[in-house]
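Pasting the structures here.
One chain, chain A, links the two complexes that follow: it is found with chain B in the first and with chain C in the second.
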Partner chain A sequence: MVETILRATLLGLQLGVTLALIAAGLTLIFGMLDVINFAHGALYMLGAYFGAVIAAELGSFWLALVLAPLFVGVVGAAIEVLSLRPLYGRNPLYHILLTFGFAIMIQGTVLQVWGGQARRIARPDLLTGSVAIGSLNYPLYRLFVLVVGTILIVAIWLAIERSNFGILMRASAHDTEMVNALGIDVSKVFTGVFVFGAVLAGLAGVLLAVSRSVNPGMGMGIIIEAFVIVVIGGLGSFRGAVYTALLIGLVTSYGALIAPTLTELFLFGLMAVVLMIKPNGFFGTTEAA
Partner chain B sequence: MQSALEYIRQRDAPQTGNQILSRPGRLALVAGLLVLAAVGPVIQSVQPFWLNLLIRMLTFALLALSLDFIFGYAGLLSFGHAAMYGTGGYAAALLITDVTASALVVLPIAILTGVVTAAVIGWLSVRARGIYFAMLTLAFAQMLYVVAFTDLPATIVAAETVTGGDNGLYGIQLYELFGIDFRDRLNYYYLTLGIVALSLAGLVRLANSPFGRVLQGIRENEERVEFVGYDVQRYKVIAFSISGGFAGLAGGLYVPFQSAANPGLLHWTVSGELVVMVLLGGMGTFWGPMLGAGLVVLLEDRLGGVASWEIILGGLFVAVVIFAPRGLAGVIVSFRNDPRAAVGQARRAIENYVETVRG
Partner chain C sequence: MVRRPTGECGNRAGSNRASTPTISRRQYLAGSAAVGVGSAFAGCLGGEDRLTVGYALPFTGTYAILGESIVNGFELYLEQNDGEIDGEEVETIERDTEADTNRGVDVTRELLVEEQVDALVGPVSSAVAITMMQTIENEASAIWLNANAGDYRVTEEGCLNYHFRTSFNDWQTSAPLAGWVYNNVADTVCLAYADYAFGQNSKNFFREAFEDAGGEVVAEVGAPLGTDDYSTYLGDIENSGADAVFSFFAGSDAVNYITDFADYGLNEEMTQTGSGFLLSEDTLPAQGEAALGMYSLLHYAPTQETDRNTEFVENYRDAYDSSANVYACQGYDSAQAFAAAVEESGGSDPNEMADALGGTELDSPRGSFRFNPETHEPIQNLYVREVVASDGEQPVENQVVETIEGVESPSWGCSL
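Take a look at the complex of A and B:
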């Protein structure tokens, strides 16, 4: 009994931090750029595919873990510069639609290039086997994801709160014109934020590609879950996204023990209830249009 | 959202004048319908397969119409229109299998199902605005998808199956109506065409009515309409329900045609694609979204085998959002008004684009 609960908790936390990595990018992009990025799930999928290809070709999980997110970042940069940049200042609706277009395009491209067959990244030798936690044998790789994810989340939080770029980022979101007038190229900051979000999504894609299958539908699957998290947490709030992601991870994991088919229903129900009581989500401050 | 909507209206919405669909516009639509009616038998004799495609295009045109009514006219972005489409479709499937195949009974109930579903979702969602409204409609629609996918109703009423779960319901019979044989595709085509024409006429009337004017007022400036004394929330819920009725009707038309109802009808990607259709065509024009829907269905079908239709569709869509925010309708209107000016505008738009990208 205790073992089952401990296992579910660890699984839930691990799922939570991966979801947090995805949701963090989404919420940062919204908070800074006012863009609801529908292509975020597609970027996550792209990360998984790049990872799978690199791991297969070069035979190294570690290279995949480093290179694949960078490639996703390049794709993100192209999207931001070529399409989002000309649209800032227009109704935010257009960003949703634009990124939805990209989501379709990326999915189509992936299908075209790699076909519909599912793949997987082989577990690195270093991380095979399991560790004993009390009386529980827990897979080492899952523990690795949990640790890496946690470190990353804390690092991002510190970067936003403490680093110069974080301050610049928040200032640009708060008063774009003023920051611009101070001689800083805000459009570069925006590109930076979008690329950062894309890299995070790509990273989550690689991390999950070991335990989950890599398939063309995975992006569309995860994006709604990420939206639910970001909306419940409060659009644009990093803290909200992280807390909610952990909560959703745990709920999913415990839910799998009790009623696996109803977890998803519960997620959407939770989102609906939260939005009806707190229309801006738990940590949302500004009224988003 | 208010200011944004005003902004989008001024900058992007086609200036349709006082009436939605002016006289020439209506005449063009009637002419279009007559052409569609006339080519039916020709197409059937030449390439019967194309008739199926036309029926699908018409069904999605109806669905796009229903979304344009609340999105283009009341400014409510619904990202969950699949909910009404799907429930209408399932209602039709269940009725035809267990009760009656009479179109005179089933189609009205499909409409009613759409209305009720939309009324509930609308009532729960209208207080949220903009993106939050979109997200709520998305959440409710997705809940219904899960309900259908897991066949939750069967668990509740302890039946063996209700929605058929993952597999859905299949072998749905075609409608019965005055002894017409709908296995003849031409007859089903005329049924669909007639329903789409009637729906379009009804929606145009409604949009031009005082009720429609209030909706446009809500789109322009919700607060002002509220201050004048209108119950804005009520208007929104009613408009959403009307729209839902048409979506339910589309579902009810599509399911017997496909002879199957599956959870895919309710999936959020249907809602997303629908929004794509409306914007691609040009929101707030009725004819634009119908055109957009037809085009998307056509592209999907024609390019489906190439496996890269998603790339083309996505690319086309991205280009339209960047260069022609008023959609195809906007492009067509500006070309009709002044072709030379339109070309100049296009050139300027591209120059502008290059400049912003360079930064």
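Take a look at the complex of A and C:
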């Protein structure tokens, strides 16, 4: 019993931090750029595929972990510069349609290039085996994901709150014209934010590709969960996304213990309840972000 | 006879014209000229008969690779026979079912009514198959070569004279394993399954057969279809205290489940067994070493060393530069079944084809294969396979450890 709860808790937290990495990018892009990025799930999938190819070709998980998210960042830069940039300030519907189109294009391309067969990244030797936590043998790799995810989330938090780029980012979102007038190229800041979000999605893709199958449908599956998190947490709120991701991770894994078939219902039920009590989500502001 | 003259060389799929078999040559020519395909006429006035085959298969989405393999298998047979069956040219038409039940009905209607196909090949999903039954029965214009959908209810609820399972049914890929597991592996099992119709059927059939054999099912663990992480379910499986697990998962679910199973070290505590889809050619490369030592049951193994199969696997590799899998074999046998139906009935009348095909034996790469004349279910060998290390292209492969010969299925009340 203790073992079962411990296992579910660890899984919930691990799920939580990976969801937080994905939702963080989504919420940052919305908070700063006002863009609802439906292609985010596709970028996550692309990270997993790039990772799988790099790991298979170069035989190193670690190179995949570093290189794949960077390649995803390049794709993100291309999307932002070539297609989103001309559309800032327009009705959000433009962004939704555009990014949704990208999601479908990326998925189609992946299917064409790599086929529909499931893939996986081989576990690095360093992280095989398991560690004993009490009476539970927990796979080492999962613990690694939990730790790396937590470190990254804390680092991003600090970067937004404390670093100069974080201040610049928040200022650009708050008053674009003023920052422009100060001689700073806001469009570069926006590109930076979008690329950063893409890199985070790609990173989550590589991290999960070791324990989850890599397939062309994976991006569409995760994007719904990520949106639920962003909505519950409050659109644009990084803090809200992180807390909610952890909550959703735990709800999902405890839900699987109690009623496996109802986990999705729990998810959307939670969203409905939160939105009824706090229409702007946990950390949403009443004014438009 | 639902054959048409070969007059129309144009692309049928692209034309809006509703062709009917009773249309006269004159009307036809006028119609064709009107849509501007006149230039193609010269070579098209042969008046020779032609057979048409409609693929109702997923070409996009999760099951795309299955649809593609079935088509490849079918066309491999056609190529080997110069594109002809019984001296007549075979034309094929593709329609994407997208594994969507609504599309299934539309596609069936299009292929049967508008394209006037002589044989319908597909689908992959059983849910789609069940929605197609009514239309196929009503139209009564083609034989249905069910190249994958394995739900026993297609026979129980449909029992169509036109329906021929060139694949398998869910009883065959689960129940026959029970006796083998009881005799060779364990007398207590836990059932783990993807919680949807096919998973439920599989575990129910296994439970029944395992209890009949004298074994005990100590627990059941159902996980929703599309579960990414099986950690919490593995706790229940481990706590069941069973010596073996019988599982039904497929595709990405099978990859995630098997990976997690090995990750948590359950391999050392219990033996993993399951339906063949748990450990098949489309999942094994991703499962890799995690799958070593696991047993599964299927009607086909590409590694089977018979002359017929070796030849099939080599031909398939030459033609498509990829490995043959169970779906390719099912596609290939669908083509063989169609050829047998046409040759033995001497035409393409669906009722005559169906009568001729019941009881027919096919020379299949999978081994012995014939249809039960009462149900049109396959009577075939089932192979217990163990995942072993390989020095081939992939690190692991299935090796046949036991052949269960000539497995018949229950009739589910169907008597044709």
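Heads up, the rule we're going with is that the second predicted complex is superposed on the first by the 285 of 289 C-alpha atoms of A that agree within 3 Å, B and C clash if a C-alpha of one lies under 4 Å from a C-alpha of the other, contacts with A are read in each partner's own complex, and residues count from 1 in each chain.
Going forward, a contact is a pair of C-beta atoms (placed from the backbone, for glycine too) under 8 Å apart; a residue touches a chain by one contact, two chains touch by 3 or more.
Computed from a predicted model, the values in this text were never measured in an experiment.
K.L.:
Thinking of the overlay built on chain A, is A:T261 touched by chain B (first), by chain C (second), by both, or by neither?
P.N.:
Once the two structures are laid over each other on A, A:T261 reaches both partners.
K.L.:
Chain A residues in contact: does chain B have more, or chain C?
P.N.:
Result: the larger residue contact count on chain A belongs to B.
K.L.:
Go through the superposed model and pick first if A:F144 touches only chain B, second if only chain C, both, or neither.
P.N.:
neither
K.L.:
Quick check for you: in the superposed arrangement, does A:P279 touch first (chain B), second (chain C), both or neither?
P.N.:
First partner only, chain B.
K.L.:
Which partner does A:F165 reach: the first (chain B), the second (chain C), both, or neither?
P.N.:
After superposing on A, A:F165 lies clear of both chain B and chain C.
K.L.:
One more residue to check, A:M105. First (chain B), second (chain C), both or neither?
P.N.:
In the superposition, A:M105 contacts chain B only.
K.L.:
For A:L11, is the partner it touches chain B (first), chain C (second), both, or none of the two (neither)?
P.N.:
second
K.L.:
Kindly classify A:W157 by the partners it touches after superposition: chain B alone (first), chain C alone (second), both, or neither?
P.N.:
A:W157 sits against neither chain B nor chain C.
K.L.:
Please work out whether A:W114 is in contact with chain B alone, chain C alone, both, or neither, and reply first, second, both or neither.
P.N.:
neither
K.L.:
Return the residues of chain A at which the contacts from chain B and from chain C coincide.
P.N.:
On chain A, the residues that contact chain B in one structure and chain C in the other are 111, 261, 264.
K.L.:
Under the stated contact criterion, what part of chain A meets chain C in this complex?
P.N.:
3-4, 7-8, 11, 15, 111, 115-120, 122, 130, 137, 139, 141-142, 211-218, 221, 253, 256-257, 260-261, 263-264
K.L.:
Considering only the defined contacts, which chain C positions touch chain A in the complex?
P.N.:
Result: residues 60-65, 195, 222-224, 226-229, 231-233, 235-236, 239, 251-252, 255-256, 259-260, 263-265, 282-283, 285-288 of chain C touch chain A.
K.L.:
Residue numbers of chain B touching chain A in their complex, please.
P.N.:
1-5, 7-8, 12, 77, 124, 127-132, 134-136, 138-140, 142-143, 146-147, 150, 152, 268-269, 272, 275-276, 279, 307-315, 317-318, 321-322, 325, 352-353, 356-357, 359
K.L.:
Provide the residue numbers of chain A that touch chain B in the complex, in ascending order.
P.N.:
Contacts found on chain A: 36, 38, 81-83, 85-87, 90-94, 96-98, 100-109, 111-112, 185, 187-188, 220, 224, 227-228, 231, 235, 261-262, 264-265, 268-269, 271-272, 275-276, 279-280, 287-289.
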